[in-house]
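What follows is a set of structures to go through.
Here come two complexes built around subunit A, the first alongside subunit B, the second alongside subunit C.
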Partner chain A sequence: MPKTTFRLALAALGIGAALAWSPAGAQQPITIGAFLSVTGPAAFLGDPEQKTLEMYVDEINKKGGVLGRPLKLVSYDDAGDAEKARTFAKRLIEQDKVDLILGGTTTGTTMAVVPLVESAGVPFVSMAGAVVIIEPVKKWVFKTPHTDRMACERIFSDMRERKITKIGMISGAGGFDKSMRQECLNVAKQYSIEIVADESYGAQDNDMTAQLAKIRNVAGVQAVVNPGFGQGPAIVTKNFRQLGMTMPLYQSHGVASKQFIELAGAAAEGVRLPAAALLVAEVLPDSDKQKPVVLGYKKAYEARFKSEVSTFGGHAYDALFIAVDAIKRAGGADKAKVRDAIEATKGYIGTGGVVNMSAKDHMGLDASAFRMLEVKNGSWSIVK
Partner chain B sequence: MLSQAVQFLFSGLTLGAIYALVALGFTLIFNASHVINFAQGEFVMIGGMTTVFLVGFGLPMPMAIALAVAAATGIGMALEKLAVEPARQASITTLIIITIGASIFLRGLAQLVWDKKLHALPPFTGDAPIGILGATILPQSLWAMGVGVLLLLALRWFFARTLLGQAMLATANNRMAAQLVGINVRRILLLSFALSAALGAAAGILIAPITLTAYDVGTNIGLKGFAAVMLGGLGSSAGAVLGGLLLGIAEAFGAGYVSSAYKDAFAFVIIMLVLLWMPRGLLGGAAAERV
Partner chain C sequence: MRRDTAVLLLLAVGIAVLPFALPNRYFYDVAILAGINAIVCVGLNLLIGYTGQISLGHAGFFGLGAYASAILTGYGCPAPAAMAAGAVIVGALAALVGRPILRLKGHYLAMATLGMGIIISIVITTEDRVTGGPDGMAVAPFGLLGWSVQGEEAWYWVIGASLVATVALALNLIASPVGRALRAIHGSETAAEVMGVDVARYKRMVFVLSAVLAALAGSLAAHYSGFVSPAKAGFMHSIELVTMVVFGGMASTLGAVVGAVLLTVLPQLLTVLKDYELLMFGALLMGTMILMPRGLLPTLETLWRRARI
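Moving on to the complex of A and B:
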């Protein structure tokens, strides 16, 4: 046995040496680590993210890489489990020795990894939603998606225009749902909106008529907001119509995909939600700065994977290109320099909006990145 | 106030009807083999998902439903033939673990064969809600309850009036004696898997337009069905139906009047209390007719 082990080791050494001395070795790849929830309950987020990263790393390498160096993607599937995410992030840092980390499909997995990247000093761009990721600012942590607070603000400003002051809220039990519910409660006052009913449902629930009937019976409710993602919002929307409720219903950016309309069917008509430009790429006015970016990404993704583009894949697109852009400006993959370069990102036009980062803002988006959409005739339209 | 209670009752009955069908599936297999088939929830998933995809391929709904039930029945029989029967000498615990393994396998397979997304099945007859006493009910809920009752009546007839049904009853009561009078108990076991797979698939199809379906819906609904069985009394078909309906109604009223956050807890607390006072469930008393 020891002999075989020794031989194996020798062989491995030989292969390793051959690789190191091959001409390609002269240009050491830049290693991008990723941990995403490709399977599990958040798979509908993680799957397009993974596909997007693979597609664009390939494309960048075909065009000669970054600064003449190829990109190497090391990606793990954490299945939405924060504990696994932590283990994989550790492996990325210690074993794979990656130059930077992208990922964290959910807020839960992201937050599990934050302490690791902070102590190891590795630039980290997250694709998860909640405000806690970047507030308070953490030196090495950035994120690409809009925050749930911005979504609340966008919804409330739309309500203010419609002279709505009393609303009911129904939200799920997931991390995203809870976080957004809290943010909505926090900012409601600023828009002089009063939340007079506040109901919730469980992650696996498939009937919310009881909760909605309760909201309906509260006097003075003028509209209902449903912070949530996954199956919940589609069922809420169906139940809402079943109960014959006619007041405006607002969903969150968490369900901003065609799938929501498919699932909720005719019940989705008239539902409003804040979402990124990507969703309405075709109907954006030509003057829109984001149009070429989102249309380009949408076409490339749909041609390659034969499935509908989602904003979640867009978050991965933005994470990758913000990182690549920063590596170019930093002139290499030095971790501290790349971190500084990401923080100095200005005027980057991505799928999520125009990104202007600073030492105080590690996301760099403002509420204008959200478009208010309404479902009309089974498709999205922009609310003017 | 009344309209609200009626509304809760409607949503409770809709879910309850589905839980009852799943619980009946558990009961059938338990009676024939004393195995609790934890893959029962996967039949629900297979029924719903197969229908969704066949309809997606352009098949008319009735044909898609028939094929989906047939597919689930086939898978149920394959499960019995390939996984349960080869291990029939093993202990009941081993067999139960085999069914857990089978459920994980089927869920994984569904992920590969179809996808990981949620799907909605169009309702059978439109989705204009019907108003009753100030509450509203979807036509699909009526379908779920109606078909549930029909299936229950059909089962009753099967057990009371057909030779095969009588043979199943005999096997349930005393396997050895049944074998001695010439009943092919292995065939009966296969039949019980086929029947409960078909029941599960029917439940999955009936509920898919209301609650959506996905590769992983089986876990939760299987668990609820099992809870209904425990509530009603293991081995009693009337108990399975009663348990399912009670569970559904408890959930709806719990969510409506107490707090939606504790909806699941509410149902399980009731089960704990019942089991504390009546360890054999509501109708699981002295072995009378067990099917």
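Moving on to the complex of A and C:
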């Protein structure tokens, strides 16, 4: 028995030595740090992000790396806990000495890390949604997903075209729901839209008939918006039809997945929502600049992981490639130069849209990045 | 009594020499988090380990303390005053809630404290105008009259000193007549009552004390990390705290510290296992509880004593 233990120890030593040895021959790698919520309540966001990063770091390394240097991905799972995210970010900066950081699956984990990257001076590209991440602009912080404000703007501009001015709103209790509700309230005036009813429901509620009936009884409501995430919006949609309401119903980009149509069934017909091009990759017109990018990513992801692509993985794809592109232009992994190069990103075509960053805009997307979709015959179709 | 002094000295010396082994600020960060957890656990151990009353809601007190500091300093209140206010609010709440729920025993007490913790966490999550909602809020650094605690090194000494003070308090309390009364309650409430111990009063007192310690630790944690989120007030955090106490060793103040330190450091070490991290963590916990049901430190102490004979 001691002999086996000894052999095992020797073998472990051998493997350790081999691991330590191998990179010495090649060029010094560029280290990319990531902290993502791969487990926990935000796992459905973090898991595709993690998979996407791993897949494309592998692929880039197979093609010879960036500037002849291989990429090394160091990633930690923060389980959606802001405190853990902060500790892992400190670890990435102090212990792993990474050249840049990707991640922050949720707004909470991202905001907990912002003070750290700002004081340490490490380029940081977040994959979380809320506007607060980039407003006010923070020197080292960038983000790839659309904001909830843009979703509100896209919905309201569509309403304006349909001559809708008075609407009702029903929103959930989650972070996404509350943030988007607030943004919608903020920008409504610019589109001369009046929110005449503002109802909410709890995270575990399974019947929203009462709130919807209240909205229906408010005089002059021409449409209903539901800033929501998870199961809630599907229930709202069903209740909406059960009450025989015929006015237009708008959902948010938070439920832009096939699952929503499956849950809401026939009630989903006619529902409109803003969504990224990735969801409708196949039906995009060939003239669309984003079509090759989103179709390429979708096919690669679905072939490798045998599961449906999500916009969240797309955010990771964009973060990685904006970073890689910036490293190439900066001619190395120098932190200040990479930061400047990320800020100078122009005309990058990603899964989220066309990115044009500037000193004032650390996201670089405009409202055209959102496509207005309508559910027709149990599938998505592009409006107009 | 002499043993207590030795324990306290051991801890103080350990904290004093540890920085020589900490190569960078990340390690300081882990040490500070371990220290904060240890403060809560020493308090919780007085309740769970010595008095035999379970609480699955202490993260709620921790969160209240943290949010009191975050919100009050946000309105311009000086940090020490905010911290004191947080402690007073939590103390009052614990005294109020403790009166009815500490009449319960066993599973029922667990359920009641669990419910209380969840209510606190729901209030923090939903009152987003004050608390920033599910995304959390930023906290100003801990400061007074232009002087402030900043940087991991400074915080290490603040937390280290607080931990030593907390442990000194706990050791003294346990060695005092009050401590004897608490242990009597653990042994048998009826017997304690017959011997003239005011069971309800002592239970409430230790509940309030442990809640206030959790609130103070919460305030420190909020100022240190500069950010609070509702997860710190949530159910999972309560479970973590109880696990630390049970893992380290019930009715052992040093055991609570050891449990808190190990369970803070272990997940950081296990990240090398990637997908198997949680599996390994669970296996370690289960292994310890099956092989050492009294917790790590008391079992090791017994083994050590046996080896000497």
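Heads up, the rule we're going with is that the second predicted complex is superposed on the first by the 358 of 384 C-alpha atoms of A that agree within 3 Å, B and C clash if a C-alpha of one lies under 4 Å from a C-alpha of the other, contacts with A are read in each partner's own complex, and residues count from 1 in each chain.
Here is the rule we go by: a contact is a pair of C-beta atoms (placed from the backbone, for glycine too) under 8 Å apart; a residue touches a chain by one contact, two chains touch by 3 or more.
Note that this is a predicted model, so its numbers are computed, not measured.
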item: Which superposed partner A:T311 touches (first subunit B, second subunit C, both, neither); value: neither
item: Which of subunit B and subunit C A:A130 touches, first, second, both or neither; value: second
item: Partner chain(s) touched by A:T237 [first = subunit B, second = subunit C, both, neither]; value: neither
item: Partner with the higher number of touched subunit A residues, subunit C or subunit B; value: B
item: Touching partner for A:A173 - first (subunit B), second (subunit C), both, neither; value: both
item: Contacts of A:T39 with subunit B and subunit C, given as first, second, both or neither; value: both
item: Touched partner set for A:E94, first subunit B, second subunit C, both or neither; value: second
item: Which superposed partner A:Q50 touches (first subunit B, second subunit C, both, neither); value: neither
item: Which of subunit B and subunit C A:R86 touches, first, second, both or neither; value: second
item: Contact residues of subunit A, present in both the subunit B and the subunit C interface; value: 39, 173
item: Residues of subunit B that touch subunit A when the two form their complex; value: 4, 7-8, 10-11, 14-15, 111, 116-120, 122, 127, 129, 131, 135-138, 207, 210-212, 214, 220, 252-253, 255-256, 259-261, 263-264
item: Interfacial residue positions of subunit A with respect to subunit B in the complex; value: 39, 43-44, 47, 173, 199-202, 204-211, 213-214, 217, 230-231, 234-235, 238, 241-244, 259, 262-267
item: Of all residues in subunit C, those that touch subunit A in their complex; value: 24-27, 29-30, 33, 125-126, 128, 133-136, 138, 221, 225-227, 229, 231-232, 268, 271, 277-278
item: Footprint of subunit C on subunit A - complex, ascending; value: 39, 76-77, 80-83, 86-87, 90-91, 93-95, 106-108, 111-112, 115, 130, 132, 173-175, 178-179
